[in-house]
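Common to both upcoming complexes is subunit A, partnered first by subunit B, then by subunit C.
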Partner chain A sequence: MTEHVATNETILVVGGGISGMTAALEAAETGKNVVLVEKNPALGGRTSQLYRYFPKMCHPVCGLEINLRRLKSNPRVRVLTLAEVTGIDGVAGDYTATVKVSPRYVNANCTACGDCARAVELEVDDPFNYNLGKHKAAYLPNAMAYPQRYVLDPAIIGTPDADKAKAACKYGAIDLDMQEETIQVRAGAVIWATGWKPYDAAKIQPYGYGRFKNVITSVEFERLADVHGPTGGKILRPSDGKEAKNVAFIQCAGSRDENHLRHCSRFCCMASLKQTHYVRENYPQDGKSTIYYIDIRAIDRFEDFYQKVRDDASVTFIKSKVARISEDKDGNPVVWGVNTEGYKRYSTPHDLVVLAVGMEPSVKGMDIPGHIVADSSGFIEADPANGAVFGAGCATNALDVNRAVQSATAAALRAIQVVNKVAKAEA
Partner chain B sequence: MADIKVAAYICKGCGLGERLDTDALVKVAQKDGKVPLVKSHDFLCNADGVAMIRNDVANEGVTHIMIGACSRRAKTEAFFFPENAVARANLREGVIWIRPDTEEARETTQDMAEDYIRMGCAEVKAMTAPGGNPNTGSNKTLLVVGGGVTGMTAAVEASKAGYPVVLVEKSSALGGWGARLFKRIPIHEPFKSPADTGVADLVSQVMGDSNIKVYLNATIAKTEGAPGRFVVDVATESGATHTEDIGAILQATGFTLYDMNKLPELGAGKSPNVVDQAGLEALASEAAAKDGVIRRPSDGQPVTSVVFVQCAGQRDTTGTHLSYCSGYCCNTSVKQAMYFKDANPSVETVVVYTDLRTPGNGEDFYRSAQEKGVIFTKGKVSQVLPSGNTSTVKFHDLILDDTDATIADVDLVVLATGQVPNSGVNIEALAKPQVAGEEGEAPAEGEAVEVKPISILNLTYRQGPDVPQLTQGFTDSHFICFPYETRRTGIYTAGPVRRPMDMAQAREDATGAALKAIQALENAELGRAAHPRSGDLSFPKVRLEGCTQCKRCTVECPFGAIDEDEKRFPVFNESRCRRCGTCMGACPVRVISFENYSVNTVGAQIKAVDIPDEFSEKPRILILACENDAYPALDMAGMNHNEYSAFVRIIPIRCLGSVNTIWVTDALNAGYDGVMMMGCKSGEQYQCHFVKGSELGRVRMSKIDDTLKTLNLESERVRDLEVAITDIKRVPEMINKYAEELVAIGPSPFKGF
Partner chain C sequence: MSANTAMATKYRNSFLKEVEEQVEMGDWVKMCMQCGVCAGSCPVNFQSAWEHPPQEIFMMIRAGKREEVLTSPSMWNCTSCYNCIVRCPRKLPITHIMHGLAEYAHRLGIAPKMQPTRFFSGLFWKNATKTGRVNELKLSMGLYFKDGFGAGVKEGMKMKDVALGLIKAKRLNPMELLGGHKCKDQKGIQAMLKKAYEIERSRKAAKMAG
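Then we have the complex of A and B:
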């Protein structure tokens, strides 16, 4: 929206997923100026890549639409996409952030008409679909993308495809000379809401992710289930496109494990319970889900949801930490382990294995500008040493969406406390 | 009304110029739309196009703008004219992108575009730019009800942001349950041992803050008004009443521990050596004050063995006890087991659980307990049999599948019983909101929730004295993305009254809720709406002289915004209103309207559509589409070029609840062949962002059959559809199928009248 000048009464929000958007909007709707910085070309983050939410089985883009409408009608939020904060100097109440903005090669003239995408030939991996599909190298990141503006993949810059895109655009929206920029943003307080990344499943060597095509992660499974995903919502296994009717869900893939993530990622039990619905929806007659778990953590009101899945005859629960996965001659992943209820060994073939991968804070290992106190898992702790840099959402803890939004709303108040103090001092 | 000057702008970009006869559209706007100033532009959303519009506003006195270009969801930065009334005719996503680019389609596509121009012109003329609710209040004080950890945190955090707080606590001291804890679950690295509660510090922060006024031994006798101008009577023990002017309210009334006496099979009430978790905290605090040894209540002997029974009276599938999990009890038992182990590693501590639930870094805490020698046994306790100074615990060992597993000679048994919210009166169990005039219908079966007789807020609201509950007594929100949305504007709930939670989460929750409360009072002062139409300056206006006191609006308002005066006329509390328009939809005499959304703005569009005669083979279908879900789905269908019938005319609506039946009857009378209503899912898993809007709309429309009969029309002429925002493929299919069905039924007999 309208660009306001950032001052030391501005709140800088880093990360444009649901936590960052929430923090930005809640602060702006309380009358504060906000600069929202997102590294991807569109807002929405990981929740926009989910097909449905537990426990209502509603669609995350429904809430995204509301948040985008709030954003479109609020001149107090200035959004920077393809932007990353590379440094923060100063003190609480008076920071200057350095923001690197990568070229989009498409300016504000873009009407999202799609002519450029029709003109180019090169297709590149589509990160929105966790690279399970491809999209054109001139693309709109997704149907709900905000800003609603196309992007050119850097891979086509300097190739004839780029010239084709430029020639196709009637509105002078394509600027192939766009360069990376570095800008300074002043802020009184910073909300760090960079979210999470799925734990790298390949590190769990015995599970064969990356070696066996039919072992996928829970976030990839969301894209397979999504009617607008790469398979049009059909649950087909990657190796041969066969219908995956017998699906195994492996809990704590990386979580609760001293060799991987020490913490429990909280959301994965509910996510797998939810995903059993996708199997049943796809194959109402003969879909089968098996959940291999240590404890089912359907915490608080979610218990009802768990009980309903428990009552579903198509879902089997096996209390077991899966030892390893192999592949049989038909490409079926075979799950090996011991059912601790009765100590029975099993080696069970499935059509598809979904690893309920844990949540790792994106901020972990990131060169966070300034000094931020984090716990041993990499989550930002609330600590006075952080000054006026406040964590929000999954940057602070393993949270589900509801709790992440709560956390982001709280972070907005903490930031407002700082900028109100600045305003008072200057009044 | 001030003079209005309407201008219409028609874009030729994005293929509109090639696919449509834009000169004809200009003529339609002039002739049918009767707009004096009509311009077309090659690229309306670019700087030059926008400057042209701005120039007309500045120099030509244009007040009302009709933009015939892309969807109202697109190019919002360019077409941002908050001072003006604006209507957008969706010619791109709504016309050329959903029609094939063929010669034979050209005529019907042009018809569609021309109708949208007519509709846009008619709509904008019926609008005025909203000026904000004038009935505001500017009180900035936050009322916090409840002086436990949640309430105190909210008070301190609001005060830090510069807002005065009135904190009301019913007992004689601050602290709540938190003050009764010996230690808390750790919230910082290394997550290995119980930590100090910090409650005493919090109490002194509250007491030492001159910005926070504390009432102890006090309750809320009366709450009236609206955000920004609540007037609250605080009753104190002495019988005195203090009146406070309040901007917004935060209810942090916490929980009551589930009564363990309902669990005699677990030994509760049969021996002092069977306690709940609060009982154990008391024993631990008592011990700490002496020699640090936790003693058996029956005879004061040191405890040498203790069993923790998880999910006592919780996660119950029989319907007798709590069906939910309270979330905090696993970590609490881990902590309490450590009370013993840290003092004396030889004390036997066993936790019997079905699923151990220690999310996040609780896992480290759990691991630490295992390292300290706490035994965790997966099982379900069936019986605790006290005898003398010890008890026998019988359980189903789920690992060995031993239904008769036993732990004998246990000194102390701790039952993890869970949280019951202190949420006040369940106003919906008292009176299920029904559409007025439905006497005789059996009320829907209420949930098995105890009706608590004592109100907490004593709201003077027409719809009852407390915040509506969601489920099992919790005053939670149903929304994943918007956890704080209660159904009473400017009143937020936080802590275990909202949802079961531990202290760390309660503190976070309190901080977030405090922000929402502050935001509500700030926006109330500016006359703006709260979520989900945050910032909306329109508000419901009522022509009382036409009102028949039927009470539909006061009963149906999903947010309890409308009261009744002594003559049973509605009293609109605009700052409590969320602008969904349910009242407008409900009103049989159509006296309720918003400046930019009214029976007229939609009605005028319906009337503006050109209805070809019955021989033209061009049926007309009206679609009323929820602007949050169905309309975006239709837009995205356009972006994907999913084609649908050229015979539909789509009008976005705020909510299905805002649909007034007059729109449907007017459309049918005017010769439309069918009406499709597209709203969000209603019922238990509702997805309506106005909570009850789509449900109330559907109840209202279920009566449309009578109207159809009166008109001698087939019931198929009106279709109520549940549409989700992701129905990008499905919606065009539904439209096309319906269009075919209508062809089979034949044209409406009302054409040409």
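Then we have the complex of A and C:
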């Protein structure tokens, strides 16, 4: 599985989300060899976990499918899943990366028939659904997972469940003896596209995330709205499964806050505006959304999207950063604060509160192999000191999908220039 | 010309600049982004006496509403709970700014005279500096009689059970009414305070002239 030939004309792409996939494909389509390393068992990253994109409200299935199609037809990209880069040595034009590959326990014979999942009894947290639901310990990461191949959770290895899975497989695809491997990958340039993680909402103590079940994050709300999500696309609140018809969106949950994230995460305003559509579509008669905001930053050309939501009678805008959230006896989260337009106090109960959490770079606090210059928020900066390690997508800035793709293309171009130089030097 | 008129003339066009230069921590005011989290976090905000929450005060400063801000009782209501400082996303030292504004209004002589916090602060200072020791009996009685003799007697009667309990538990000595206890070196205290006043006066005068 991990056999490959990588030279110093190869481009190593770390992270297989929308940015990493884009960078890998752009480079490969110019004729470069690419190794794409993804930590999870499937490509797609956080983009695949969205229900819909703004501004066109189309499903990510579409955009990802195009990329997967390009990927399948391009022999120059080698994809390593369940793989993590643990170290990078060398200089621009000649790097060697150490990659740790975790066992999937399922080989290429898998047809994704699902017999193993039916045989296995243990259920584990489903990170694809932000742990809102559980899935079997033999699972397909998501409906459109690439590679379309099941995974066994390490928790069942050595238990009777693992043997059941093996027995159920008609294709001899389950290999319980797979071991963790460490491999070396040579590369002329590295594209670091490790993306982002939602800011840990539990750190915003007054909002009670983690204490109150009906206070959730915007990424979790995406899963609630998705038909492939834990509720089958019905917006039901976590505490009692009641229909959440009166939803509050709290902007700048962590962003633009010296106590949390210093930067504006840029996408959260648009995400909440988009998510008001989900509420209305789920409950066309009596769905209500309330957006609590400091100021709406519908970046780029999205002002008209914002204006349309403004005109929607089911959406209320309250100019106020919420001070705190409490819970009433019925489990409704109560939102407290002062409306700065008129300085009126409010304490309003809602069915569900959605915290529009900020974007934190995954590289923050991570031990990035090699020396990489980062800004005060932890995003990778474009700096000559980085050599031929180029940031792409949300590893470099708080970006939406559209801008992440642009950033990835730019990074691919920089990497291509490096390996072109290498090629000439060796010619 | 009173201090107030002098300052109003000096900063005719910019109350914000006046606050930045004259009020302790006043240079932070411009950093406020009007999110409202301070007001929402303020425990006093849920009482009617809180006329203007902090972010409204900051906006009024920028809008040049000098008279309204400085004569407002709002900043005198601050209990120094520090909730606003903890939560402010821009890390404004809101509690300190509130105290700074109150102190500046007091210095100019236009703070609301009978505002209880201001009244009590004055009372406490006089009480404590007179003998170098706080005379609690005189202090609380002084507060009772703030709104006149009748109201004082009424307030005193209302609190008499508490007072008797305190006397019984030896937490309150009625003899304190006749002068009360003192520190050893009263003269030394007075001299020290006099010196401190002098330093403060020259510093503030320089600030207001500068």
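What to note about this one:
The rule is short, and it goes like this: the second predicted complex is superposed on the first by the 423 of 427 C-alpha atoms of A that agree within 3 Å, B and C clash if a C-alpha of one lies under 4 Å from a C-alpha of the other, contacts with A are read in each partner's own complex, and residues count from 1 in each chain.
In this text, a contact is a pair of C-beta atoms (placed from the backbone, for glycine too) under 8 Å apart; a residue touches a chain by one contact, two chains touch by 3 or more.
Nothing here was measured: the structure is a model prediction, and the numbers come from that model.
In the superposition on chain A, A:Ala143 contacts subunit B only, with no contact to subunit C.
In the superposition on chain A, contact is made by A:Thr340 with both subunit B and subunit C. Of the two partner chains placed around the shared chain by superposition, neither subunit B nor subunit C is touched by A:His277.
With both structures placed on the common chain, the touch criterion links A:Arg237 to neither subunit B nor subunit C. In the superposition on chain A, contact is made by A:Asp304 with subunit B only, not with subunit C. When subunit A is checked against subunit B and against subunit C, the one touching more of its residues turns out to be B.
When the two complexes are overlaid on their common chain A, residue A:Gln406 makes contact with subunit B while staying clear of subunit C. Of the two partner chains, subunit C is the only one touched by A:Ala323; subunit B is not. In the superposed pair of complexes, A:Arg256 makes contact with subunit B and with subunit C alike.
Contacts of A:Lys32 after superposition: neither subunit B nor subunit C is touched. Contacts of subunit A with subunit B, set against its contacts with subunit C after fitting on chain A, overlap at residues 256, 319, 340, 343.
Contacts from subunit A toward subunit B in the complex involve residues 1-2, 18, 25-26, 29-31, 53, 56-67, 69-70, 72-75, 108-109, 111-114, 140, 143-144, 148, 170-171, 226-228, 255-256, 262-266, 295-304, 307, 319, 340-343, 375-377, 379, 381, 383, 397-399, 401-403, 405-410, 412-414, 416-417, 420-421, 424. In the complex of the two chains, the subunit B residues touching subunit A come out as 13-15, 43, 45-46, 70, 73-77, 80, 157-158, 160-162, 188-191, 315, 317, 323-327, 355-364, 367, 378, 398-401, 471-472, 474, 476, 478-484, 499-501, 505, 508-509, 511-516, 518-519, 522-523, 532, 534-535, 628-629, 632, 636, 639-640, 680-681, 685, 687, 689, 724-726, 728-729.
Residue ranges on subunit A touching subunit C, taken from their complex, read 206, 252, 256-260, 294, 319-324, 336-340, 343, 345.
Residues 33-37, 39-41, 45-46, 52-53, 55-56, 86-91 of subunit C are the ones that touch subunit A when the two sit in their complex.
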